[in-house]
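Notes for the one structure printed next.
Residue numbering begins at 1 within each chain, and the chains themselves are lettered A, B, C and D in the order written.
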Amino acid sequence: MYLPDGYTTLDKISENDDYAVYDLFFGPNHPGMHGNFGYVLDMVGTEILRVRPNAGQLHRGFEKAMENKLWAQNLSLIPRVCVPDPDPNEVAYCQAVEAILGVEIPRRARYIRSIVLEMSRLGSFLMGMGGVGGALGHYSTMYLMMIDRDLILDLFEALTGGRVYHIYNIPGGVRRDIPDGWTDKLLELCDRLESKLPEWDRLLYENPVVQDRLGGLGYISAEEAMSSGITGPSLRACGVKADVRIDTPYAAYDEIEINSKLSEGGDALARAVQVRLDFEEAVNIIRRLVKQLPDGDYKLDLGNISKLRVPKGDAYSKVEASKGEFGYYVVSDGGLKPYRVSVRGPSMPAGMYLCHKHLRGMKIDDVAVWMASFAICPPDIDR
Amino acid sequence: MSDNILARAGKMHGDKIECREKYKAQLEIKTHRDYVLNLLTWLKSERYVHLSFMSCIDWIEENEFELVWHVFSYESKNHILVKTRLNREKPWMHTAINIWPHVQPYEQEIHEMFGVYFPGNPDLSGLFLHNWLDLPPLRKDFIAKDYSLALYTTDALGLTPPFDDIDIVEITAEESRDGE
Amino acid sequence: MNAYALLGIKLIGVSFGSMAVGLLFMGLGRKVTARIQRRMGPPFYQSFIDVIKCFTKTSITHNFVMDLGIIMALGGLIATAFFIPFANFSILGSSSVVIVLYLMSIGYLGMAMGVSASGNPNATIGISRALALMMGYEIPFVMVIMAMLITYNSSDLLTYAVAQSNGIGSWHIWKYPLGFIAVEIAFQAMVGEAPYDHMIAPAEIASGPMVELSGKYLGIGFLLHAVQLYVETGLIVNLFLGGASSWYVMLVKMFAVYFTTLSINAVMARYRIEQGIRHLWIWAGSFGLLQLIYTRIWG
Amino acid sequence: MEMDNLYLANLREEKQNMWGGLVNYFRKRSMWMLYYCTGCGAIELPPTMTSRYDMERLGMGPMATPRQADLLLITGYLSVKTLKRVIWSYEQMQEPKYVVGFGSCPINGGIYWDAYPVINHLEAFIPVDMSIAGCMPRPQAIIDAFEKLMGEIQEGKAIGYKRYEKHYDWYKKNQDAVLGRTEAVLKPWNDPFASNPSVDELMALEKGESNV
């Protein structure tokens, strides 16, 4: 039983009374839980005394399975690591393979990858914002946002053939070119999403009840967030200008202007607003990417991709996913299969470490909201 | 961009470390097991505040485990891979929990998946697996396919259902004809 | 037919009638919510199907107290329904609003007894929230009722109905505007719609008191909510919206009250329980108090 | 096979009971599913539930706890740890209850057929009334499956819960084989650090070994 510094296992209430502390299972089968994950809460009344994360319900041994499959076969496994936001996984893996191979992919492929990544981000953000609404009992936001997420999935289907898992990025580029007229539909969708923003603002972010609920919840300072592995929108919500797209540019982000706005405050409200700001910016980034989309090849000819051999070496590649930094550490021994693939999911620090600090002393009311505000996605904790 | 970290590391730590630049903004420092914590502490003081995660690699032919800490600086934008090798027979490593507390679940995971022991980590109980009695699963000498075939297939468990679902479908058709 | 048989038929009629009206409202309410969320929604008779299905399932009881508590809750609420004048039909000839308020709480107490016996902490938290919230909305409600008591020197709902029978201008909503606002806010909490849906709160305590109810118990749980809707909307219509002269006007007015609640529910999140009670006391309480003071001094 | 043919027995029972068909109508028109995302297929449930495909028009809705639910959705692969919880949830549900397996993983393990923590055949552990093919099934396929399940309920064919009751021994044996193992499957693991030694002890031990 792990407790952070300064916390003792025995509380003075539980010393005197065996029945004051009881276990409450928050998940895995719980409507407030996003995915299959659980916290065992030791409660006193409605207040949480300590928390034991109960991970592993979604564990499926990805890292082992990837060692037993060809480099190209793994592409079908990888998007399943993070279900709502699959494309960053594909891109991160492909980039790591390309780095070991030492190849540079065509410019058009890099742009297409960026477009796909931003679309995936939009879909995931819609799910995340809806999740905050759902955790607050504000189901209308969830219902309305899911329509627009589905429209994004429709475009994905037109581009890649898959609704949720796209398996679109391959080492050397993307699987196929953008079909005719697809970019127009994408721009139409961007307009639609942007026109929806005021409605969502009124429904969710300007709603006084939501502001009362989220304000001050789960505060984390910038310094603490940086040194406890928090990344992505949650870190930017503390006022830290940290974005993998800017810090270590990949795909086409070195040629695209990214004007991330920062919401400051470091609490759940700031994190929710940060997601909304990032959403708006992602729509603009897609517009810029489509505008600058160059002609040319969409992939590099690497021969028969199922017989791909990657030279001995290792590389770490990271991507800014909707929940934070998604990283793949790929080790090759020069064979037909990866020697080791190690995945860094963005949810681990918040879901497995920060929960000890933040949930302690919190009321049961706020657990689901806290989880939604940190966008904790269990599949990438368990892998 | 670059803060010349490799040169300074070489000056500071001398022959205890071995470093090189792998890719653009991606560096690698290899060191001995007992020196890792010193190096990580120094790196954190050099504003490499972000520990992305840590991973472990099983080099079975060399009979060694390799532990990798991924450290990143928001100021110099460099990503450093701190690597060390452990003996595969009795692998143990000092815990980095006092430098980065959130390394705890990663160490717990590596303990479960590879059997590397981290003295000082307060919780090394099982994290992901249920009732696990075999070799730690991510070791190379654990064959996942054999395990799955030996445990989960109906053949392996000698499972013949005492009922026949195909039968049901056939009779359904007859019954519906009778009904009409 | 003797008078007792007639009374018995009336009582049974009101029991089932109130359930039917409540279930109809629940079904229509789901349709309304669905339309606000831009979807089709279930058919309006869905709640009837749900309840009948619940009664065809097997169910599990934890102990005798659970059975007793649930029945007591239903009985308490149905007893309340006897006191609500429906249009110009009233079983008992007089129905004091004080008795109505008193009996309404039996529903919750029975529920508390029943679900606490199930031993699930979620249910216990849920019902303790419901009782805490009751403290939040009953105080404003009682203040408004007191204002009416001062005016009429009577607590009879029929007296109020007669006083409001001279067209739309004589409705209490104009006479006690502040009180109406207070009661509307309190009503939101009474029927447990957002922002005061603390009692069920699926994302927090997995539907609270309902957590251990299965099969028939869940069916009774639905009926409880149905009767509760009938009682509470009927109470508001009789207090503020002029009662009704015919049953369909009554139904329309009752649904109008519920419709307002649903519309607010669809665009609101849920407060924390302490925020909810504070909000009720500050807003509903201050409106109710102002109404009381106004009526006392100038009314 | 007469004794094992639960379907015929069920049909006979329902024919004798004049209310059988009517009861089945209510059961099929009001299926409440358990709000439990056991795997990645759950990502297609929000679109199915929400405004675009709107499951509620079929009378279906999510329910918070197993006690209230009629329908257990196994949304994708099942790890052993989840299997335990799924069985608990299933046994808590009140009859009649139905199980729908999503995608290829509950059928034969799917893409995880050789993964060590994931079971391969769901029907060996709990009875499955309906399986949906695909990875992952689209909302249209899910709705289609629900409508088919409704048809089966009306016809009295969805009797998995009766099978579970009758052949409980068989299911229990399979469950125990996976969940209640007492010895290793391939090779047992002897943790060299089972005694939780401290750093100093380990250092001393290593020094001693190198001296030898």
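Please note the rule applied: a contact is a pair of C-beta atoms (placed from the backbone, for glycine too) under 8 Å apart; a residue touches a chain by one contact, two chains touch by 3 or more.
Just so it is clear, the model here is predicted, and its values are computed rather than measured.
Enquirer: Looking at A-C and B-D, which one has the bigger number of contacting C-beta pairs?
Expert: B-D
Enquirer: Measuring from the mean C-alpha position of subunit A to the mean C-alpha position of subunit C, what distance in angstrom results?
Expert: Each chain's C-alpha centroid was found; their separation is 43 Å.
Enquirer: Return the distance between the CA-based centres of subunit A and subunit D, expressed in whole Å.
Expert: Chain centres of subunit A and subunit D, defined by C-alpha means, are spaced 27 Å apart.
Enquirer: Mind checking the centre-to-centre distance between subunit B and subunit C? Centres are C-alpha means, answer in whole Å.
Expert: For subunit B versus subunit C, the centre distance works out to 56 Å.
Enquirer: Using the touch definition from the top, which residues of subunit D touch two or more other chains?
Expert: As it turns out, subunit D has residues touching two or more other chains at 35, 50-52, 64-65, 79, 81, 114-118.
Enquirer: Where does subunit A touch two or more other chains at once, residue-wise?
Expert: 30-31, 56, 59, 61, 64-65, 68, 143-144, 147
Enquirer: If I count partner chains per residue in subunit C, which residues reach a count of at least 2?
Expert: As it turns out, subunit C has residues touching two or more other chains at 37-39, 202, 206-207.
Enquirer: Write out all the pairs of touching chains, ordered by chain label.
Expert: Here the touching chain pairs work out to A-B, A-C, A-D, B-D, C-D.
Enquirer: For subunit A, which residues are in contact with subunit B within the complex?
Expert: Checking each residue of subunit A against subunit B gives 1-5, 53, 55-56, 59, 61, 63-65, 67-68, 99, 226-229, 231, 240, 242, 247-248, 314-316, 318, 325, 327, 329, 331, 339-340, 342, 344, 348-349, 352-354, 382.
Enquirer: Which of the residues in subunit C end up touching subunit D in this complex?
Expert: Within the complex, subunit C touches subunit D at residues 30, 34, 37-43, 46, 49-50, 52-53, 56-60, 202, 206-207, 210-215, 218.
Enquirer: Looking at the complex, which residues from subunit D come into contact with subunit B?
Expert: 1, 4-8, 11, 79-81, 84, 109, 113-121, 123-124, 155, 157, 163, 167, 170, 174, 177-189, 191-193, 196-199, 202
Enquirer: Tell me, which parts of subunit D touch subunit C in their complex?
Expert: Touch list, subunit D to subunit C: 23, 26-27, 29-30, 35, 50-52, 54, 56-59, 63-65, 67-68, 70, 94-96.
Enquirer: How about subunit B: which of its residues touch subunit A in the complex?
Expert: For subunit B paired with subunit A, touching residues are 22-23, 25-26, 44, 49-53, 55-58, 68, 70, 74, 77, 79, 81, 100-102, 104-106, 113, 122-123, 126-130, 137-138, 140, 142, 144-145.
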